[in-house]
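What follows is a set of notes on a single structure, which appears directly below.
When the chains are written out, they are named A, B and C in that same order, and each has its own residue count from 1.
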């Protein structure tokens, strides 16, 4: 993989230092030059300005980070770097509806800076001085006043991984437990240009394990209590501001104050609700307290499709899908496929090849009706997960997509699985562009290829949802990232692509 | 007059105290007993009406033509039934006093390979659970150590006596927890089926090494050679030679199949499968291998969420119907007394009633090689039996008389004593009245 | 017209959100009806209409179209009620604090727990889904009906059942907090103190609110006391709005709580497990406290070492409203057998024994007006057995809740799960010990919590 950086020199040195600190090895001889122009034109491209539309052999021009023009008969400015995007496909940059991109997953037994890690329940060698029944908010995972910006690392590998898939903007939420902090909208280039801070009130049913609230029952209770206390405190503060004489002073708790925009319905709660039961629980809280909500990271939500539609609650589905079990057939399939399977490696180690032969037919001959039935049920259930997006589409529910639990390696394949199981490509594209833009209040600046919007684009070799589609360029805020094709054969694996920045 | 009344009262009180004490401290007694007018369920020789005579600790006569010697204690059993004492094929009785207090527990020694640990050594003859168990008709139990791969040697005991030797009922067996590799139910256990199989093979290989050593130990001894002090191999070699029974604990279907293969590969002479919770899945194979089974508890949950709700209840019956020789166990400690109910549940969910009765009497005795003395009512066998008001599997049936090894055992236990003391508590609600 | 349409849409929207559990109608013909409260009726029919029992009698005619269940030769009893269970819940113990009355088990209902189906297959149609016993004052519990086949937690709630809360005395809270975290209580003295202190704080909290509510109209500077859910729930206990169900074993601790409750004017009190309840049976009866016990569990820890299987019989004969509970995924499937043990241990009559698993637990849960006996006007919750339910050989044929058959032995699928794991065909093998070892189920979550890294 290789990308050309459009960086100003100062920023480059900052990034280089950071790389150094984290002990990662950057490309040894990467030459970075200052940009010659900030105007780029893509010509002869199949442009999909918004889901369902197509401009063949069109032109897109980006200037100073914004889309200057799009269409068939667009005049290419004289100062533009022109890219011949012949036969390529150009989409509006994808928006990750909810994401942990840029927030390193906490490592075991390591402090790993950032409250992504801190908000996790304390390590096994828990500090003895903490009263587990009444821990400080930080240990309890209750940090709604904190902003995710403080922990995002734009040089984290996850940023580059997601960008390479076409994600140009993300609604990033912190890792942690019940209330890990507020989410932000971030553009996925190196500069970490926040489009909007404190964009969401991120909530989870996740208890902290060993500290109160440790279980879902305590989280539900604590949520209700904090919410009502915040309502009280807000009233108290208002009363005190008006008429302080003779009145007890308010506490001005930052934790409770973080709820005020939610109470005022100026901020939306993004509630992590993966499975069918969690969604019921979240609905209960929402009904009791009345906040505006987005149901986020939904994996098993088809039971709720009708209720979601009736209530008009926006949804973000997970891009994480269940995986096929690791059975022998599976391992064999892998063995014959791209990745060398574990089975083959093991077989090679076996001193007695005959043993292996003996085992094989036994597995296959075993014609167990019980196992067949169970396998049929499993497949049926699997199908429900894969078909969820299609079901939502067929019911007319718009949704965004979240990468919070998804492995970037599986995302393209998972999108294809959703499409194979009923989701239309048009809706899939909307879920990556226009719908999250609308949900996050970003329709003016993101989601489509329109004049005046932010210069976020994805350029692919084939239609994006084609199995063989390759991302060729990604533009974020006008900054270009170029991707060469992956080396085809493992023989080439050692080769590091080289090349200077052109521009 | 007042004075006399006082004396009279004192005497009455004294007598009643003595009587009460006599009740609390019941002692077993020996002698000649004639249980008359009974329905005698012999198990092996049908059901007969008449008298059962107990003399010198043995059954001296059964039927209508029994000569009751003069001086015999006659116990009228009209409308009642006599059964051989029930045998529980797997318990912790005598090895575990209080569940959560580890210093009262003597069933799990440190180490995975401790075949030399003798359950019989640690049996507490005065464990409070022993009387609680026997008064419900369970007279004989296998008591076994647990934990690790070879937790030790189990022993069959009769539930009467004040030393382990008085209790010993003539069978010892080596316990092997057969390797069962399975995925951890929670967390990300990403091992493939193949990985699991590999691990299992590794464990079986280890087992084979132990077996080879046991064989070597036996051979050196047989050839008159001198071995190192090796108490573990002393026990293992006895099993390898076929002098001792291997009690092989195995429950999961795949593991049962592996165990059958291993037993056949190693040509184990005396072996019993215990547990066998998923025996119903591979019942034909167990039957074909002709390996007897001690299974239970019957009143248990299915082993998998997808299993029919009654699979554990039905397991014993399904194996029995497939031709497996099945005995039952509770695998319990303080509630071994529920063995008859386990048999009742097996019947309710498909086991032949006759087979279920045998599964807690003669089949167990056969498996343990003690069928010459225990497991049925036959002349010459040990007088280990009870009298009941009805079908002993039926919950409301009561045991009215109990004989173990010829001893007439009083029907008392902590549970009955607390009942006597507290049914009508004195003082009651008001201290003065 | 437009408004009308909006109204209709709104109606459907609302009914979709607050869907009432389904009810059904059916006629059970010609069974032996064990009414529990009104004797045994041979060759009798029971008519259930829209979830309620509407007629009991001979030769009833079925209203048109109604399903008929032939119970000839079978025994028809009220659905079994378990006053102590942890089935159908996704969390048991918030074991971090000795006092957690603010948590609510109803927030963690898990209607796809296979334990509920297995309970149904044992004739158990209702249970008391309880918080665990790690804390002296645990969370609020939920009375549920085992309406299998739904993923909606609300569908298994028994609407209108009174609020109940779990308390716990003795070894479990002492172990969880005294031993586990080095804080009070580590003795039974400490347990009493924790309860008295909590109740006293709740009294103060109530007084502060009373003061504020009185003042707020006239005093513009009055500030409301800080809302505190822990205190709110404790206050509701003191007001008599919540029934205490207290995990307890030893006679002394049972007696202690009777005294504490007398001092604070708390009257709604049921003891759970109550292994030594037989020792203070006269005191329990005089207070009017209930006792929910095991049939024969003992010796799994020291505080149950001096127990007797005759406990339920002694309590019953002393006039204590007594039930037999399961606290266990296995026991909940054969509570009829557990009840029958009181005939072996103490010689209770059939009606007395069956009351232990029907009308008595209903009384303890405050739902005796709805369930626990077969009477006209009550919920059509029924268990049908092939033999008398107190026989060891009896097998449940059907379990019915409000006129709907949720378990039918003839139709029961081998694999009854509602929800399956898409990543695993054959569910994991698991074997649970048949008897109590070391911890009771009440301590679920706590073993890992105290001694191992639970994820």
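The working rule: contacts are C-beta pairs under 8 Å (C-beta built on N, C-alpha and C of every residue); 3 or more make two chains touch, one makes a residue touch a chain.
Remember, it's a predicted structure, so these values are computed and weren't measured experimentally.
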For this session: Name whichever of A-B and B-C has more C-beta pairs touching across its two chains.
Result: B-C
Problem set entry | Label of the chain whose CA centroid is most distant from the centroid of subunit A | B
Exercise. Could you state the distance in Å from the CA-based centre of subunit A to that of subunit C?
Worked result: 43
Problem set entry | Euclidean distance of C-alpha centroids - subunit B vs subunit C, Å | 35
Exercise. With chain centres defined as C-alpha means, what is the inter-centre distance between subunit A and subunit B in Å?
Worked result: 60
For this session: Find every residue in subunit C that makes contact with two or more other chains and list them.
Result: 414-415, 420, 426, 455
Seminar exercise, completed: Residues in subunit B with touches to at least two other chains are numbered 306
For this session: Among the residues of subunit A, pick out those that touch two or more other chains and give their numbers.
Result: 327, 370, 374
Exercise. Within the complex, which stretch of subunit C touches subunit B?
Worked result: 114, 117-118, 121, 171, 278-279, 281-283, 285-286, 296-302, 305-310, 313-314, 317, 329-330, 333-334, 337, 340-341, 343-346, 390-395, 412-417, 420, 426-439, 455
For this session: Under the touch definition given earlier, write down the residues of subunit B that touch subunit A in their complex.
Result: 190-195, 197-198, 281, 306
Exercise. In the complex of these two chains, what residues of subunit C are touching subunit A?
Worked result: 13, 16-17, 90-91, 93-98, 100, 102-105, 107-110, 112, 131, 139, 151-154, 177, 181, 183, 220-221, 223-224, 226-229, 414-415, 419-426, 445, 449, 453-455
Problem set entry | Complex interface listing, subunit A residues touching subunit B | 326-328, 330-331, 342-343, 346, 359, 370, 374
Problem set entry | Residues of subunit A defined as touching subunit C within the complex | 124, 131-134, 209-218, 220-221, 224-225, 228-229, 232, 236, 239, 243, 245-248, 276-277, 280-281, 284, 287, 303, 306-307, 310-311, 322-325, 327, 370-371, 373-375, 377-378, 381-382, 384-385
